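Two complexes, one shared chain (chain A), two partners (chain B, chain C).
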Partner chain A sequence: MDKQVTYSGMIWLLAAQLVVMLPFVFHLPFWLLPVVLFAAGWRLWVLAGGAVQPGNMTKLLLVGLGIGGLLLSGLQFPSLEAMSALLLLGFAFKSLEVIRRRDAVVVVFIGYFLVALHFLYTQTMLAGLYGAFSLVVLTGAMIGVQQVVEEFSAAQNVRFNLRLAGVILLQCLPLMVLLFVFAPRLQPLWSLPLMVDQAKTGVSDHMAPGDIEKLSQSDELAFRVTFKGERPPQDQLYWRGLVLNHFDGREWRQFDDAYDLERLKYAAAHEYAFHPENMQVLGDPVEYEAVYEKSGQPWLFTLTPALKVDGEVLQAADYRVMAAQDVQAPLLLKATSYPQSLRDVQLDPYVRQLALQLPTGGNPRSRDLAQRLRAQAGSEQAYIDKVLARFREQQFYYTLHPPTLGESDTIDGFLFTTQRGFCAHYAGSFVFLMRAAGIPARVVAGYQGGEWNAQGKYLTVHQYDAHAWAEVWQAGKGWQRVDPTAMIAPERTEQGLEAAVQAEGSFLENNHFSTRNVAWLKGLRQKLDAVQYGWQRWVLGYDGEAQMGFLQALLGELTLAKVAVLVGGLGGAIVLAWLLLLGLARRGEREALEHQLYRRFCALLAKRGVVREAGYAPGAFALQAAQALPTSAALIREFTQVYEKLCYQPDADGQAAIKRLKALLRALK
Partner chain B sequence: MTMAVPQLIHATLAQLNKVILGKEQQVRLALSCLLANGHLLLEDLPGMGKTTLAHALAQVCGLEYKRVQFTSDLLPADLIGASVFEMQSGNFRFHPGPVFSQIFLADELNRATPKAQSALLEAMEEGQVSVDGTTHRLPSPFFVIATQNPQSQAGTFPLPESQLDRFLLRVSLGYPAPAVERELLLGRNGRTLLASLPQVLNGQRLKALQSLVPQVKMTDTLLDYIQRLIAQTRQTDVCQLGLSPRGAQALVKSAQSWALLQGRGHVLPEDVQAVFVAVAGHRIMGRQETQGEQLARHILSKVDVVGNGRG
Partner chain C sequence: MGVAEVALGRRNIYIIPSKTALGLVVIILLLFLLGVNFQNSLVYAVSFWLLALLLLNIFYTWRNLAGLVVTGVGIEPCFTGEKAVVEIALACPAKQPKFALQLAWPGQDALQVNLATTSSARVKLSHGTLHRGLFRPPRLQVSTRYPTGLALAWAYVELEVQGLVYPRPVAQTFAQTGEHSTTETEDGVEIAEGSSDFGGIRVYRPGDAPKHIHWGKYAQTGKLYTKAFVDYASHALWLDWQSLPLQGVEVRLSHLCSQVLAFHQEQRQYGLKLPGKTIAPGKGEAHKAQCLRALALYGVDDG
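Coming up: the complex of A and B.
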């Protein structure tokens, strides 16, 4: 075991290290990569005889420098990142002191662990494929460091090792699938603070000028939806995320106090609780399944109002659906919505108070306008129509580049001066006008529309589909959705953002890497996306619940015995296939009976301390054994004679000899 | 044949061992080589008794014996003879060279040029020589004992593998045991005994013995073992040069011959093992220039004697 690693073995190891560490560059301090390159270069330099093996002091210094670097990189201690970075650092430096095979095997094993670790950061299909590639290279390195003689040319060596590694891993595949499908999904026993300072993407918990503008420049995926039945028309796809009740004169927030998830969860269980009984369910249901991308926030996006929601989610008085924790990994949700329902037959006083809140001062012209229009209009509905008509008839423009509005009286500035903006401006000012006239209203933030993937028959919703709209409550009608943006830019809700800003050309204009502007790539992109979605739904989405569902569909009522028989059967089948295909069961043809007897004879003597070396002929062995075991000498000699005669003398009497051999064997025992 | 085969063999070996002291194994190998109708290559330092052994063999077997010291200026004609013009008859007459003998000792074979070597090697293989378009049969039995000095390689032409293959066995005599050495120091000289050595065999008897060798029986189990050995020499991770089919035949023939010398009508694995190093040592070559002999011993210790796989 303690052989030295050959030069080609070392190259294999370094290559594998590089392959394993490469994807971490996106998640951990980037300077770890140069460190591994540096260590690899040094090692090769040593191997080529250009330098000596670094001494203990040098190593200590390097480790000190590395840890110092980690501390300076702004990683939090203790956190998963810091631990991973430390492990990677050790992994990079380890190559400096790999001399013997034992060290190399340690490096390869850490490499396997790092491949798994990388899935904590990303679980896309690409990452999965890369992980598989890393496994092949690592296994190739494992083979490489075991090779003693360099028999092949470099190219042959690479091909041979990779092929062998691939074959080895392919053999493991059935077992992997079995474990994936049947291994119980256990809750973690402990957890480290995972990625504390997470980047949050998507709709945020407040709406200030500029927020949605930024989102509109991102073509990142927000979520994907599969509909069970008919797909609702595009302009009905309002994906409610959260409701912004509180306006402080500049930005819209959910409540007057700052956002805190725990506080919100408490409110959703008490004063802000969801009351389905305060709703009159009408119309046809829309059943769908959505997979939300990691966002670092708890918001989930559903059609309003969503009833029958699966999984660990919360619902609140404003018909929102949200996850119990920030979404750090793709999350699957099954929901049924009844879009034509009458929501909040009775308006809860607390909700009413929230929906009428306005800052005490500011925006005098808007308040004045509201008073005037309300006085002119005979009913609330007439007032709403009047306000919308005003948006439609006056010179309002839909643009992703609105002029800045300053710090105060932003509603006034927008309504009377600039008159340019996008959904956030329209929704915000509309709700302001409603409230100023005493009509309960609120801003809803979420996504609108989505791109239909005809390949996979599902809807993809991207960050640029982020949208804000308004809701007003009227007695007898409940909450009704009003989208003032649709007044100014109807194509926004019908065809999406791209169509709405086509003239302006501002769709993803700052996102130069986006392939979304390349028309001919669209088919390919949709196909790829369909594959990705399948991966998410069937691989990442296969959690404990899905597993239970699958097993129940397969076995009916679940009992431990049934599962054990199934898993045992499949496992046994895999082992059997290995034995048959790899020839492990074919350990030579069955030997003739006399040889079996002779081997038993040898085993007997071996137990008594006389071991036959393979190259010992029976006669020679008999001499040795008889000398070592004088008490059985006669038996040993006779057994050997009979055996020799049977094997090597032609026309010996087989039957009699075998009988005699058996008898002698019994006597020896 | 007046004597039974076992006694004949016993007597022959006894006589030979009188001359070459303490080398029963090598003497047996040399005799089994002769019985198997093969040629013998003695590789040893000068003064180890190579010539004495050859001489004793000739004497005991009642064969005609000639010896040539090979040098770099030796010509083929010096070995096989030449046609000489005879004034009296006005014809060319063939004067046979020393190779026309029953036991031919080629001393320091590797000192001669490849041309001279190959002249001898052709004679060994064909049993005849061709001079000026006329084919002359060599006497029968024709047995070549060649010696080689493995040490000083300066000014030598080492035999290529193809020619080494012509020799059935390669044997080294090695240093004598201390007791034997003492006798030698005390003035015992094998050579002087040579003259008084009785002739046990003659050409006819030798031929009769040789005809017995192929009749020595081999069972399937034994042939399995032989094939396992051969297969092992052909394993590329062990050997660079494996045992050729001719080498394999040589192994079987020598084992049969050895079994006959043991007075047995069938071959045992021990017989195969006894001749294996002498047969394979000069025919196989290891990966890292390992000595063939060493490698052959290694293979013997590795390959299981018991069982019926063919490797």
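Coming up: the complex of A and C.
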């Protein structure tokens, strides 16, 4: 038979290719799309008879150019991105030579693969829906390249195939879910360089003036938290991420040197290791689950100190909790924190040294102020209070747009000249004043507060909740959190409401101020977010552990037999449902019944001498039989009428018709 | 011949995954590995979805044959070596349209049919013939890969029809000895408007063949006259097996066959004598068919 792909089949294929490749535009070199369009256009032109089939040399040249282009685009080899780009290129050029049906099927299969590959870049619900749509189009294309129904117009063909593909995939859904839930989740077999989207978002490991202000302009989601028990009060929600120990006169960093992830891991296992025994656990636990958005960085944000932490995470001497790798896909963490605990009752000398570091010179006025105030204060606590009081009583302003401070003596500049700043300014200068007076202190970066989603009963923390505060160590009290920003602007007031409305979500008072206060809009947004969070927790976060938990909750103690019975039962039910849906279980018998009756009718007439030739239409046969057997003519005619009606108009009342046929048959005997 | 309408169903439909399905299995495995390695739920989902598609498709392909009724309607007679054209009726239950049905005899013609808009159709499919006699087509293979090509379903159908295969018409040349039987040439019944024997001249009527116009008379009178011919039944030609100076059954039959066709073409009156069977002289389509049938079935058990 003709195995060539027809013009309409080719159009199917090209449409499917476009649908599949479109989302990659956001992740891969942009020029790939025009290349695809070019290849598709050429192919169509060839099919329409306007151009010649490209020769082997031309194809070779094109492939060479494509690979050269990829190399020049700065893709790393080998990496996932390079693989996707190569696949896409092949996918595009394949359409230059698609001729036979088998090649077309290969294109569809590569398309299936690419749909899945795209999920390595993004796994949002939207991406999921688009992926499902792509699968429908690809399946439609697979149907379309197999055959064309000449009886249908082109538009009808498209509609019919798409609908069929959609229906088939919809009917596949239950089995897919069954497999998704029950198929064993294996551990990764080998590690591939995953170079997906290197962009880093969120709080970073250094803090220069202006960094957090920039972050606060973003209303992107940072993470969501579900509490097991009661939610702590809003002003206690300090999501602690990293500790910035080192001040170089301008910027706060973690250490005196740039530490990459590997070095951090090493430090966390050695000189900077976590010592839970230094902690005195007090108060009630707070249990929660957080799902962190992809950030490209390893920082996780928890209420401190977090004691029980599930999953592959690192903890260090400063009570931080970190992911073992950069967070490239949503990450779920279960933790239990004891916020009232005392941390570092005994201060490790290395940590103390880090917490007292100051640059050798600079900021003389601030140092002088610290000396003066410390001398006046009777105790460390009194000194701390004095510094905080100074922030409160002097003309300090909290602003998203602080004046620039120059390159040196930035603390002096802020404390004595501009007196306008954001949380980073207050935390930085506060820690500077502490250290200048010999009190161990450090800057902590993370998020504060969050928006409560009443629909889904969880907390969403956005980038504009980014915050910096301080921790001070005192003998007997350990590390204590001090937030100087709260002294100056308990409601972060200077920025007007209007500006906040303008830059949606940029203004971060205690979130009571959230500009998105239009009630119904807020409800809608929260509902949507709740759905997305559910997606993230139950779909994306469904790993081996979650599977265990779910199955145990479902079946109690897990045994192979129990799982097998359940899966077998559900699988059987699905297959049965398929048979019913496709009309294979039921309709076959009914059809057989009326045909059986007609056969008996023919046999009866044959006995009386009227034999029906094979293929003789029932109507014509009825005429012949009625002529031959005038006494039964009426019966024969009616039987044939009812039978034909049953065959050709099944909407008629089938049961009654069958009954009538039986009655007529009896009468004929 | 009885009624042989059997709908395709559980008993007679076979189904296997096609080679294409193997390709998809490879893709599914690759995706599963990808899902495992990147611990990516959605990649898992795609892999499982395709697996479900592979399975469900088997039911769809199966359904595309189920309920189909394939019946042989008849076979047009043909000459040995020609292709016998078999007419086949297809019917499917309403609301279950069938697509891309492939009808084929292995090594013979194949045909693709849709029952998309109507629930019945008649198609013609041809099959080569090798022997004279009654031709019964072998089991017809009805197959489909619809919708996705991932599975192949097929069934074999006995068509329960037979057709006549006439001998191959091959004329032999030899001395024309006994073709015209001369023993029965006494008075016969005149058959007017014949073409064999000259019967007189009559006035020309429009429609008369030009070759029958009496040109001599025209030259004399300036008016058109037509030569009238008559046929005599007694002048009929006999095709006689016995009198053929030929060897071999098939050679004789082939020759007779060609003669029948030739005489029919010439609209002549002819009779056929075969050992054990004599067909009285006659003419016309029905007569030709009767003669050819006798030739086709000579020495063959009439089914």
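The rule is simple: the second predicted complex is superposed on the first by the 516 of 669 C-alpha atoms of A that agree within 3 Å, B and C clash if a C-alpha of one lies under 4 Å from a C-alpha of the other, contacts with A are read in each partner's own complex, and residues count from 1 in each chain.
Definition applied: a residue touches a chain if its C-beta (ideal position, glycine included) is under 8 Å from a C-beta of that chain, and two chains touch if they have at least 3 such contacts.
Keep in mind that what you see is a predicted model, and the values were worked out from it rather than measured.
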| item | value |
| --- | --- |
| Partner chain(s) touched by A:Pro618 [first = chain B, second = chain C, both, neither] | first |
| Partner chain(s) touched by A:Phe113 [first = chain B, second = chain C, both, neither] | second |
| Touching partner for A:Ala437 - first (chain B), second (chain C), both, neither | neither |
| Chain B versus chain C, judged by how many residues of chain A each one touches | C |
| First, second, both or neither for A:Ala355, with chain B first and chain C second | neither |
| Partner chain in contact with A:Leu179 - chain B first, chain C second, else both or neither | second |
| First (chain B), second (chain C), both or neither touched by A:Leu135 | second |
| Contacts of A:Ala268 with chain B and chain C, given as first, second, both or neither | neither |
| Which of chain B and chain C A:His595 touches, first, second, both or neither | both |
| Partner chain(s) touched by A:Cys647 [first = chain B, second = chain C, both, neither] | both |
| Contact residues common to both interfaces of chain A (with chain B and with chain C) | 149, 588, 591-592, 595, 599, 602, 613-615, 647-650 |
| Residue ranges of chain A touching chain B (in the complex, touch as defined) | 149, 588-589, 591-592, 595, 598-599, 602, 613-620, 644, 647-650 |
| Sites on chain B touched by chain A in the complex | 217, 219, 221-222, 237, 266-270, 273, 287, 300-309 |
| Chain C partner contacts - residues on chain A that touch it in the complex | 1, 101-102, 105-106, 109, 112-113, 115-117, 119-120, 123, 127-128, 131, 135, 139, 142-143, 146-147, 149-152, 164, 168-169, 171-173, 175-176, 179-180, 183, 185-192, 194, 329, 539-543, 578-579, 582-584, 587-588, 591-592, 595, 599, 602-603, 606, 611-615, 647-650 |
| Chain C to chain A touching residues, read off their complex | 1-5, 7, 9-10, 20, 23-24, 27, 30-31, 33-53, 55-57, 59-60, 62-63, 66-67, 69, 71-74, 87, 89, 91, 93-96, 99-100, 102, 110, 112, 114, 116-117, 119, 145-149, 160-161 |
